[in-house]
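Have a look at the structure that comes next, please.
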Amino acid sequence: MCVAVPVEIVKIDGTEAWVNFGGVQKMVSIALVEDVKVGDYVLLHAGCAVSRLDRKEAEKTLELFKAYTMMQKE
Amino acid sequence: MCVAVPVEIVKIDGTEAWVNFGGVQKMVSIALVEDVKVGDYVLLHAGCAVSRLDRKEAEKTLELFKAYTMMQKE
Amino acid sequence: MELITLAHGSGGKSSHQLIEGLFYKYFRNDILEQRNDASVLPEILGRIAVSTDSFVIHPVFFPGGDIGKLSVYGTVNDLAMSGAKPLYITAAFIIEEGFPLKDLEKIVASMSEAAKAAEVKIIAGDTKVVEAGSADQIYINTTGIGILPKDMNIGGQNAKGGDKILVSGTLGDHGTAIMALRKGFEFVTDLESDCGLLSGMIQEILQAGADIKVLRDPTRGGLAATLNEISQQSKVGMLLEEGAIPVKQAVRSLCEILGLDPLYIANEGKLLVIAAEEDAERVLAVMKNHPLGKDAAMIGTVMDSPKGQVYLKTEIGGTRILHMPAGELLPRIC
Amino acid sequence: MELITLAHGSGGKSSHQLIEGLFYKYFRNDILEQRNDASVLPEILGRIAVSTDSFVIHPVFFPGGDIGKLSVYGTVNDLAMSGAKPLYITAAFIIEEGFPLKDLEKIVASMSEAAKAAEVKIIAGDTKVVEAGSADQIYINTTGIGILPKDMNIGGQNAKGGDKILVSGTLGDHGTAIMALRKGFEFVTDLESDCGLLSGMIQEILQAGADIKVLRDPTRGGLAATLNEISQQSKVGMLLEEGAIPVKQAVRSLCEILGLDPLYIANEGKLLVIAAEEDAERVLAVMKNHPLGKDAAMIGTVMDSPKGQVYLKTEIGGTRILHMPAGELLPRIC
Amino acid sequence: MKYLTEFRDPALTKTLIQKIEKKAIQEVIIMEVCGTHTMSIFKSGLRGLLPPQVRLISGPGCPVCVTPQSYIDTAIQLTERQDVILTAFGDMLRVPGTEGSLMAQKSKGRDVRMVYSPMDAVQLALDNPHKEVVFLAVGFETTAPAIALSVDQAKKADIHNYSILQSIKTMPNTMEALVVEEDIQIHGFLCPGHVSAVIGVKPYRFLSEKYGLPAVIAGFESLDILMGIYHILDMMDKKDYKVVNEYTRLVSEEGNLKALEMITKIFEVTASVWRGLGSIEGTGLKLKQEYENYDTVKKLGIQMASEQPVKGCICGEILKGKACPLDCRLFSTACTPENPVGACMVSEEGTCAAYYKYGEFRD
Amino acid sequence: MKYLTEFRDPALTKTLIQKIEKKAIQEVIIMEVCGTHTMSIFKSGLRGLLPPQVRLISGPGCPVCVTPQSYIDTAIQLTERQDVILTAFGDMLRVPGTEGSLMAQKSKGRDVRMVYSPMDAVQLALDNPHKEVVFLAVGFETTAPAIALSVDQAKKADIHNYSILQSIKTMPNTMEALVVEEDIQIHGFLCPGHVSAVIGVKPYRFLSEKYGLPAVIAGFESLDILMGIYHILDMMDKKDYKVVNEYTRLVSEEGNLKALEMITKIFEVTASVWRGLGSIEGTGLKLKQEYENYDTVKKLGIQMASEQPVKGCICGEILKGKACPLDCRLFSTACTPENPVGACMVSEEGTCAAYYKYGEFRD
């Protein structure tokens, strides 16, 4: 229901930040996410970062997918 | 300095009147001319009748012109 | 009431529905039927005349015509001014969103009728819709293609001293008819735009075998602009007879009220002819014989010098320069 | 800073100064030099292709081009899509008063350059100036005329089952480059409009002697609209391979953010080719060899049925209909 | 066009010219005060038909011409306000200020509207209750009644978003200011017919009575003008100087009392700044105190721009009849109708514009 | 597009589908609550790749779909006011009211502007001090923080010409309302990933704990969705019902506390009217009393229009998962994306629009 994409923080300026998403950059609000720094990923929706992306969890999920499909192949 | 033309009163409605000038009609103010009636001629300037035309004087002037030019021809 | 929306110009379903349901309905012909990026015409056996004009008139419906009729006749007339036989026109629309579909239909129907009268096919089109406030209702571009008879050589560069200047009727009708409607003016007149098709009259003139130097329709800028243009192109002077120039009573009257000059007012269905002196009377007779030419008149003479100047002999015998118009026509009240 | 005023469109002195000082300066050629209501072209020995388009883009200057270049290439491309050699174009301007003269000059210079690149002459023109608030800066109509080689028969009606569908490069560049600039959006990208001239590539393809069925430039409505049109005209179906369709990373990204689909986004310099199966690889090689075709790809196949439907095989192996776009593209946020 | 075309009769015109030719035995300089006379003379080519010893020179009788540049500058500043709709007569739009014109402002999208009548501006105020509608109140006694009426109507209708930027001028004192200048050589005056329709004959009497100058109140058709010239020549001939009223069909001895009443109800006499002439006492009209809510300057609390003379432009001299446009080195080069420098080029009836457009041609 | 494309890997997708095929031994009906899931499923053609016994049905998870018609009617009425600039997300513009849409109003020249963010509307308010800028505040918990932030920022910046027309909705109670309906046959839920990024996992626990239903919080890429389906099948297989969080990269147990704080600072829970579902207690957010100056209805003293059901449209049934678009006799005839009747056809991710646009094709 909510078009949102994971974007990388490029430059922080107070409660706003430049973010990058596959070659598209934009200034967005980061007022609603705690402790983000350059290089972090956040979920962007309607001009606002609404969540932080946990990179470790992302990798774990991918590993899990791979594990599942390995199981399959076995 | 003031583009103005002699127009004929066609229809009166209070302080306004429809006037006709060679096939062009318009509603104008007659608030500033005394005692005009349908068929009278007034001088129209900037949407306002600013003077009454005296038809007898107009004819007299024309007669005068003719008289002058007669004199000439004699 | 159905309105034009941006969707009608988006290239999607609504665009196609508009094209099918409206433009094809009224303009249908074998060439338009091709439905490709470019329309293919059969070979034209001769030199080709081309003319383009965009029409931006307000109001779009006016006494004597509408923007649709105007856009067809305007371009067909320009083709005819070269002596060409008009064959095809293209029609490109820029429409402000919110424009009523039924008004668009009236305009398209009017174009279709005008195209039939002019015996031209509408062979290609385009529709763009712009946001509300980005156009004044509707603008139409038409581009025309015609075939030029062999040895035809008519143009603004051909006037010579001694040639006669003729017009096909009263001047200033279109511009004053539109001006009377202008917001805040609201003059009531029975003036009508002269918006009309001149190719027929021109064919008759050409068939009369007269030596025609220049044909032109005195549109924007009126007779004054057109004659100044020609006098510069041909490097000649001109002398007009004020008393010979046909102007309707109501046109004259409105111009008096607003401090304007009928010779600077636009026409949309008047033909200006410059013909060799010896043929001038014959041309005038042909013009007067045509339904659109009953008020035709010989109004002046081309002079070898002074070059590039147009003079007017006034009714009381004075002479003044008829300048190229400068700037927009502004009614003078004071 | 000098601005365009209503006087520049009045048909008087200012109009003539603009025409002389700007349009003739950049467009000058023997035909335009005639300065008459219609321009006379030499005979064209063959069938004639004609196309018209109005250009209403905002902003008028954008990364990769401007409205002037776009207006020339757009019409030249449409002519080329019929297999014609483009020869002439007309240029009609509708300008909002207050438009800076120096911006107009940049646009006219850009048109002149584009016309040279495309080897077409600008042979007729028109200028209308409308009141402030009655246009969005400037609109340009161009109408093009080309000559069609004998036996050339290319068009949207010719696709047959088994034919291959090719595109000359990445899709959606123009539309996204413009959208990123939209007021209130202000995305920073290095996206550029693909605004480009396709007649050269088409000549090379035609010279390769391949059996070309359809040529089209997927402009408004994008690839989806264009293929739906063709599938309806030819009464065929189509199946595209999502994975084979070239789309730039940044185009894909912006579309993800705004909830849009690159296949519905406008292109202004991309060529869609439908060729006989046996010639498809050869055509692809010619395209890839052209400077504008390095990302060319074969993206799908024409099917005998279901008629009028375009399908897309997704990267994960699913299939979906690629509908004709409905309505204007609206970014979805929610 | 009844009561108009009869007074242009070509045959009568020609015989009148012959009469003038006979009468004009020495050089006579006549000023037509009114711009509409100027225009009419040029449009009919009358000047070329008169004997060379009769010289017509044009006076300060175009209200657009004489409006100071600072007034235009102020009007331009007003258009920069989002809450203002500026309304004006058509020919005001082209008048150049120090930089640009109202037409140029309109080009930039500012809300400048041409009206035919001040009453149309009042209507606009009614239609746009959230905007202040400012009318550029320029004109002479012919126009003053209509402007007065617009203020009167606005007040009666309780319209609070209408005001006028004042620059209304009056004629007789201005003519006196010209006459008292030492180096002026004017033998007689054609008095402005339409101003006279409002103010009557009396206000011109000082010309003959105080300065011994012949004057004729004349209409605007060729016969009217020629008759005016003839009367002046005749008075000079007879050395009997009066104010002759040739325009009796529209001008009475007392003028239009009802219109004069309206003027004095709304306005009072004041000094006024004339372009090229400077400030002249008793030549302007301003709103009376009880109408000062209709004064744009007071109402919006703005400052009038300051007046800067235009370099090279000799409008002032031309308006006084001391120079002709051909004496100006800017004429037809830097200064043309499409790019006017001074106000005399701006108005179609301005002296310089008239010279430019209707330059004579004798074959 | 890091953290996106990896989760679309075609090879992994195919093997996951094979695993699902093996697992799906009986008919299973799974509701994807979220419109973005719906869209993603159709866009990737996933539905056609799943075994027929796995049926995906679409829930009420598109905020545009569920906005009542009366809300649009009120917004349309607002556009008729000259002092209002109406701002909205792009897909709100096409939503039909009783008559017309905001897009149609824009066509007529009304001041309707699409914004990307509610903060853009606040900026517009700053740029247009003489206008009231109204933002159409629709959305779920994903969007609520951004809207709350806009109100917070407006208040801090002392901006008094910004207000919101409220229709913010919340998910968990709505899902419960679906579950308690007797005739609903849903075996499991795909929970909305981006709503969950804000509210966390906890609010869904009632599904398994109270109703014994398996649920998975899933991302929007094909692998995410397939893994969600696999988890549901697996739980059903094992009869061990839980709320599984597949989307751990963006969804934590507690959600985004800072965003939740902002929501509770500005809003409080209220009942909300859902198109087709009627009023549901505890499924809406409204401005707290101290922010009621930012409530368009109170501020402008307007009345919300009254709700009239659309004849023939079965949106309500579709949103509850009781019917599919093909059951509607208006579908693809009277109701199409270019002329949508109900809200499910309006949004590109609306169930009916998705069915219309991405109708399946199996070769």
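Should a chain be cited, it is by its letter among A, B, C, D, E and F, assigned in written order, with residues numbered from 1 in that chain.
Definition applied: a contact is a pair of C-beta atoms (placed from the backbone, for glycine too) under 8 Å apart; a residue touches a chain by one contact, two chains touch by 3 or more.
Labels paired with UniProt names: A, B = Hydrogenase maturation protein HypC; C, D = Hydrogenase maturation protein, carbamoyl dehydratase HypE; E, F = Hydrogenase maturation protein HypD.
Treat the numbers as computed from the prediction; the structure is a model and nothing was measured.
Asker: What is the shortest path, in steps, from chain B to chain E when you may only step between chains that touch?
Answerer: 1
Asker: Would you mind reporting the rotation angle for the C-alpha fit of chain C onto chain D, rounded to the nearest 5 degrees?
Answerer: Roughly 180 degrees of rotation.
Asker: Measuring between Cα centroids, what's the chain most distant from chain B?
Answerer: With centres defined by C-alpha atoms, farthest from chain B sits A.
Asker: Distance-wise, how many Å sit between the C-alpha centres of chain A and chain D, to the nearest whole number?
Answerer: The answer is 37 Å.
Asker: Can you compute the centre-to-centre distance for chain D and chain E, using the mean CA position of each chain? Integer Å is fine.
Answerer: Spacing between the chain centres: roughly 57 Å.
Asker: If you average the CA atoms of chain E and of chain F, how far apart do the two points sit, in angstrom?
Answerer: 70
Asker: So which bits of chain E are touching at least two other chains?
Answerer: 1, 4, 62-63, 89, 103, 116-117, 120, 139, 143, 338, 349
Asker: Could you list the positions in chain D whose residues touch two or more of the other chains?
Answerer: 5-7, 12-14, 131, 133, 249, 252-253, 256, 258-259, 326-328, 332-334 - these are the residues of chain D that touch more than one other chain.
Asker: For chain A, give me the residues that contact two or more of the other chains.
Answerer: 1-3, 5, 21-22, 45-46
Asker: Touching chain F in the complex: which residues of chain A?
Answerer: 1-6, 8, 21-22, 28-29, 31-34, 41, 43, 45-48, 50-55, 57-58, 60-62, 64-66, 68-69, 72-73
Asker: Within their complex, state which residues of chain F touch chain A.
Answerer: Going by the criterion above, the answer is residues 1-4, 6-7, 9, 11-12, 15-16, 18-19, 34-36, 61-63, 89, 116-120, 139-140, 142-143, 145-146, 149, 192, 194-195, 197-198, 223, 227, 230, 246, 248-252, 256-259, 262, 349.
Asker: Mind pulling up the chain E residues that touch chain C in the complex?
Answerer: Touch residues, chain E against chain C: 1, 4, 8, 10, 13-14, 42-49, 62-64, 89-94, 103, 113-117, 120, 138-139, 143, 222, 336-338, 347-349, 356-363.
Asker: Which residues of chain D touch chain F in their complex?
Answerer: 184-185, 239, 243, 249, 252-253, 256, 258-259, 261, 309, 311-321, 323, 326-328, 330-334
Asker: In the complex formed with chain C, which residues of chain F make contact?
Answerer: Answer in residue numbers: 103-104, 106-110, 338.
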